[in-house]
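Each structure below is given as structure tokens.
Two complexes are shown next, each including chain A; its partner changes from chain B in the first to chain C in the second.
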Partner chain A sequence: MRCLLVVASLLLGSAWSSMAAEVTVHLSDGQGHAVNDAVVMLTTDAAPATAPVPERPVTHIIDQRNETFIPYVQVLRPGDKVVFRNSDTTRHHVYSFAAIRTFEFVLRPGESSPELSMDKTGIAAVGCNIHDHMIAYLFVSAVPATTMSSHGGDAMLSHLAPGHYTAHVWHPQLHPGHPEPIQKVTIASDADVLHLAFTLSLMPDPRMSMDREHLDY
Partner chain B sequence: MRCAWLLCLLGLSSSAACAQDFKLHAWLDGRLVAAPDESSWTHGGLGKTRFGNGGVDVRFGGAGLVGAAQFTPALLALAEVQFQNTDYPSMSVVEAYLRYRPVSLSRWRWSVQAGAFIPPISLENEAIGWTSPWTLTPSAINSWVGEELRAVGAEGHVEWRGDADTWELRSALFRHNDPAGNLLAIRGWSLSDLTYGLGSRLREPDAMVRQDGRQPPGRYDPFQNIGNRNGWYADLSWRAPGRGSVSLMRYDNRADPAAHSDSGVFAWHTYFWTLGATADTGPVTWITQAMDGGTVIEPLHGLQFETHFGSAFLLAGWNRGAWRPTLRIEHFSTRAPHSDPGIAQGEHGNAITAALNWRPREWLRLTAEVLRIDSVRTQRVDAGLPAASAITQIQLGIRLIY
Partner chain C sequence: MRTMGFRLRLALFFVATLVAVQLLTAGLVYEVTRRALVTEGERQLTANAQAFVAQMDDISARVAGNVEVLSLDYALRSAIAERDRGTVLSVLRNHGRRVGASRMLLIDLDGTVEADTGAVATAPGRFPFPDLIDSAYNRRTAAVVALDGQASWMVVVPIYAPQPVGLVVVNVPLDDALLTHMQQLSALPRDIELAAQSASGRWTVVARGDRRSGLVDSLSAAHHALPWKPLLTKVGGKEYMVLAQRLKQPKQGTPVVAVLGYSLDDALSPFRSVAIAWATLLALGLGVGLLGAWFTARSVSRPIELLATTVRRIAAGDYRAAPGMQRHDEIGQLASAFGSMTEAVRQRELRIRHQAMHDSVTDLPNRVAAETIIDHALAADDGNRGALLMIGLTRVPEIVKTMGHALCDRLMRDTSERIQRVAAGAYLARASDTQFMLWLSSADQAAAVAVALRILDVLNEPYQETDLSIDRLPSVGIAMAPLSSVQASTLLRHAEVAQFAASGSASALSFYDAATDPHRPERLSLMGDLREALDCNGLSLYYQPKLDLASGRFGGAEALLRWNHPRRGWVSPEAFIGMAEDTGNIHRVTRWVLASALAQAQQWIEQGLPLHIAVNLSARDLEEAELPERIGRLLSIHQIPASHLTVEVTERAVIGESDTAIRILRRLAGQGIGIAIDDFGVGQSTFAYLRHLPVSELKIDQMFVKHLATDTNDQIIVRSIVDLSHRLGYRVTAEGVEDQGAQDYLASIGCDHAQGFFVARPMPVDAFAAFVAGQAGHVSAGLLR
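Coming up: the complex of A and B.
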């Protein structure tokens, strides 16, 4: 996955900035419910004309409310920074043992972590060592055409150059070992607006919000 | 003893005031019960349900308090007290332990806990107060776990956390559980949601008490040290969120079967294997568990009484948001060699439990449950009852959760 992200970013970057074509993607589960928090990427095999223009690093806030990380999934560019903010009335011990970045922060109520730079591409699962049911994902991608689905299950990628692409979808609750959901996409002109639909088979949400009945100590 | 446990709890509460994180949880349970005519084992009878003696009555289901203090990011203290009055009014400590679990920046994580805790056997009892969110009445296996099994000692826990699954190994050394197994031998299996804690006493069947030349009611403390031996258990589990889990456990209290307390309570050497699994198929959760073991006492030198026991169940719960219908079927048996005189008895039976759970609010659960048990027990003949028994218990339960 990491190699794919790096190669795709080099290939796609030049075509990114001034084009007008759009691809909209709708994601739903087997019951027809909209799927949010899915990452959608468009990659291409075409050779780049120029190197991609580096974007300014952005700092993303991962909040903790009601013993839940918000957002569940955060897309970052390499070099982006992340800050963990504790808006709960209880302590959290935020950590990750991901291959792309290991870290830990003990955060008192109201406290925020220092900025953490995410330089490598890949996926980092983030947990709380005090509350095991808390989980979030940092998706670090160098692919310019990367976005996330909204609460309506829709994602939009714009400024695309004509060409042949592959649309990739990632979600934390996809079944491990199953083939990655992909679709081939061809953009014929700058004015194209294409619509894709993915039906995802998802595992149950592993997050358990504060539940009086299930204590999870 | 009861006062001592209350003082412990108060001590924990005051210490917890200094802790950065202290949480208090509580539950209160009430029932409308159509009880079977047979006298329940909780009142000295041989009925296998929690309630008996017929009629339709409002009954107290129980109440509990759980306090958890996170003293440091790695150190947790947890204590749970419970009040019951089905047999006699009693306040007891279901669990009380300290857990140390440092953060790990690798796939491996370890923790240790020390105190009094329930061995990790049940795949059903995952809700507050060691109750089941699937049914009011847990399976025969987990009814017995709640009645007689408690570890007072220390447990080590190692996890390997993969991308898609987790492996866990737990092992504990414990004491103060030497009478465990007595109830299966002298009463047999039950289906009851009474969870006994440290400081409470279990009721023996009146027929057995009279047979021993004592006057009912006969009660004993299942959580006592007789013979100064350490018991152990080890549990290997595999969990894959969204797919299921498998657990295999060996338990052996290593009690000295010849040892007994001053009051005549014997140490029962109890050992068993238990294998359990869960699976999610769409909105349906499946839970299955099997137990096979034995328990031995040696009241006279060279004269041992051994009872083999076994049980298995299959539960299916349909997760439909606030509604959750559940169905469980199970089989149970005990068996003692014919050469054993006196207390050697055997039984076999089947049970089916149908429950409909409705949780319209986070703080409220309503449950309707029908439990049917068909069983045959030889001991019933000694008590002047037919060996076969077919009983039905119907309950409407309301549980308030704080």
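Coming up: the complex of A and C.
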């Protein structure tokens, strides 16, 4: 039921896109590989004209299957809820020390956490204290033009009014401490279709079932 | 021998070769080993440097692993995430102790130091090595940093909660203890130092291994730079291979290097025992070699020295073989060759000595050998008696000329056999080509004569060969010892003189008579005395008057030389005239006689006695071409008519003499000087021959005159000579008239002059003057003739 809803909303979005300016962003790493799971966000440089229309909060399910959080990155609107569901046969100790929301659940197999409301914008890294390699990100953004790169490393933003924007890219494996990759974007008219490309310098995927001991050797 | 002996040289050569080869080998091995060690050192150093780096990485991995484990600690994560600085510090301290870190830091994602367990003084600021933080997310990051003269190993580990929330920096001190520990755990060289470069570029040691070799100090003093490739250098007087290895470092960090040393001395130390063993072996080998060489050389040189001794002995005439030479090697062959050579030389010497001492024809000892034997015999017993017989075959030269040497040799062999047959036991030798000598030891005169007669008997038997018979005409001269002499050589001469005398005599046997020996040695001194006498007027002339038989008066005189020797008294003319002829003094004698006689004749003429003077000339005088001129000069000086002078020459002087003599006689005759042939009748001159000579007078030899009174044969001969002479126009003088009968007979057959003791003895000038004065009447009458 919830799934259907999500699909419907996506379809709706794509129907809009044909009617206003579009920005497509291609993301690749240093080796030219497409980068998925990146969050692309266009912020307008002008003062927000109007407060965004509050949408109906959505409940996102972060599944845990095969010792992996699915999805890896989840974009949320402030006020959205999130539920952690353990579909594995082992326990998971889901936690986050994120500034926007600190939580901690021990989920037995088949157990789901209570709904968790994410009200503040920001990023919450979620880990499992039992399985070091399990990590997921909750990207809480109030910016309407926020999307994620799909397979192929492309992200598309539509319904954009002409104006000056800044394109932000976030990825869990971006180097901490490095400046955030941004690009200035100017949309002249509704008919504009702009193509942006980001080359990201990424750290290794921490979800790999790997042993950090042997990272180098 | 006093120079370097063969033995020593051989031994030294062996030893020198041994030493040279060993030293060369040792040097070669040392060089090869050293090179191998140097190569090995380079390899090891390079490997060690890499190993050191790997070891450091291992340590960092261990530390990092520990830190990572600690980073996953939920308490720490929550403490960090919740910015609980106090908790974080305590956790860091706690874990720092666990991993052996001296200091731990927590760094913010943006590089700000959040917490530091180390120096409290360090105010929170930025971490000085941002590149370490950058790489820490991608790979395990560790680097060496030097701070305040201390080196440390800095490991940077990110903290995930679960996203990176910060980084933990672990400082592990790199101190002497750690290096020593690493050395103990691995094959790191003992010489290792960590050096940091100061701002001035100077390298200072920040840590070192368990040996304080001072590599860095030495290197920076000597080279001012560190070797990035293996370098051979001296450190503290020892040889080292040195290599500097850069260590992983942050970009802004002070350069830190590890300097590794490889001690060649240490590497060589296992070989030292080998070298000692080698040297011992060499010394041992040298000793054994020396000894062996010495013995070998001795076994070679000993026999050679022995041979040399033997050869020296052989040179001295000792032909005994070298003793102890029973060897079968080359030396033995040499010794045996020496032996056979010695034997050959000995044989040859025997033969040569035999030849030297023996006559090859008769195989009898020769004269030299015989003299030695006789001398020995005479010396053996003082006063030993003996007789030396000289047996001569007068006809031998004639036989050789007629029949040849071969026959003569056979004849001589036959002769020696015959003598040996009759004189068995006596010592026979061949004295010369024509003579044998026979030594009769202890024989007296009678025995000697007996033997001599036996010898003469057998030798008088003619030598017989097929249709050939030869008479030998032997003669024997005998000299007695010690009567004659006790010296073989003198005895020999005496025997020879006697044999010479015997060869002319009828008996063919003669004893030596010192009185008649014309070859006595003193005659040599006599010549000197004679010359002195000539110079000092030591000679005098005696005059023997010649009686003119027809008138009974003394018309002339023969000048006769007399010598009153100051020591020997009167010396007979026979004794010194022949000698003067032989020695060439006769010319001076003749000159003196002529001068004196003619001077005397002048005196007599001046005294009114114009006497006819006869002077004897020697055969040698007739070889002098200027004799006629000299006589002519003398005659004119003394104003004497040439007809008053007659020169007398013997038959021998003119028979068979050269044309020169005859020419001189002719010239003398041409000057008017009379020529008389002395001693006529005993020689071989004939009237037929005399006819060619300018002879004016013949003097019949006294042999025919002595017994003229009684011997009818002599009378016939003398009368015939006188008759024949007169018919040929010669005047005749008879010599040796010793009695009245002879004088009467001579007068009866018409002989012109008589001379002799009966007529008048030779007398000195004064007596002659008185004698002539006593016959004054006769004289004047004679002079008229």
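Just so it is clear, the second predicted complex is superposed on the first by the 187 of 217 C-alpha atoms of A that agree within 3 Å, B and C clash if a C-alpha of one lies under 4 Å from a C-alpha of the other, contacts with A are read in each partner's own complex, and residues count from 1 in each chain.
Just so it is clear, contacts are C-beta pairs under 8 Å (C-beta built on N, C-alpha and C of every residue); 3 or more make two chains touch, one makes a residue touch a chain.
Quick caveat, the model's predicted, so the values are computed rather than measured.
J.: For A:175, using the defined touch cut-off, is the partner it touches chain B, chain C, both, or neither? Pick first, second, both or neither.
T.: A:175 contacts both chain B and chain C.
J.: So, A:126: does it touch chain B (first), chain C (second), both, or neither?
T.: second
J.: State whether A:106 touches chain B only (first), chain C only (second), both chains, or neither.
T.: In the superposition, A:106 touches chain B alone.
J.: Where does A:91 make contact in the superposed view: on chain B (first), on chain C (second), on both, or on neither?
T.: first
J.: Touching chain B in one complex and chain C in the other: list those residues of chain A.
T.: After superposing on chain A, chain A residues 97, 125, 129, 175-177, 203-204, 206, 212-213, 215, 217 contact both chain B and chain C.
J.: Contact residues on chain B for chain A in the complex?
T.: So the residues of chain B touching chain A come out as 20-21, 23, 25, 66, 68, 70, 73-74, 76, 78, 99, 101-107, 126-128, 133, 161, 163-164, 240-243, 280, 359, 362-363, 365, 401-402.
J.: Using the touch definition up top, name the residues of chain A that touch chain B in the complex.
T.: 90-91, 93, 95-97, 102-104, 106, 108, 125, 129-130, 173, 175-177, 203-204, 206, 211-215, 217
J.: Considering only the defined contacts, which chain C positions touch chain A in the complex?
T.: Residues 61, 65, 68, 72, 74, 77-78, 81-82, 109-111, 133-134, 137-140, 158, 160-165.
J.: Can you list the chain A residues touching chain C in their complex?
T.: The contact residues of chain A facing chain C are 97, 125-129, 132, 134-135, 137, 172, 175-177, 203-204, 206, 212-213, 215-217.
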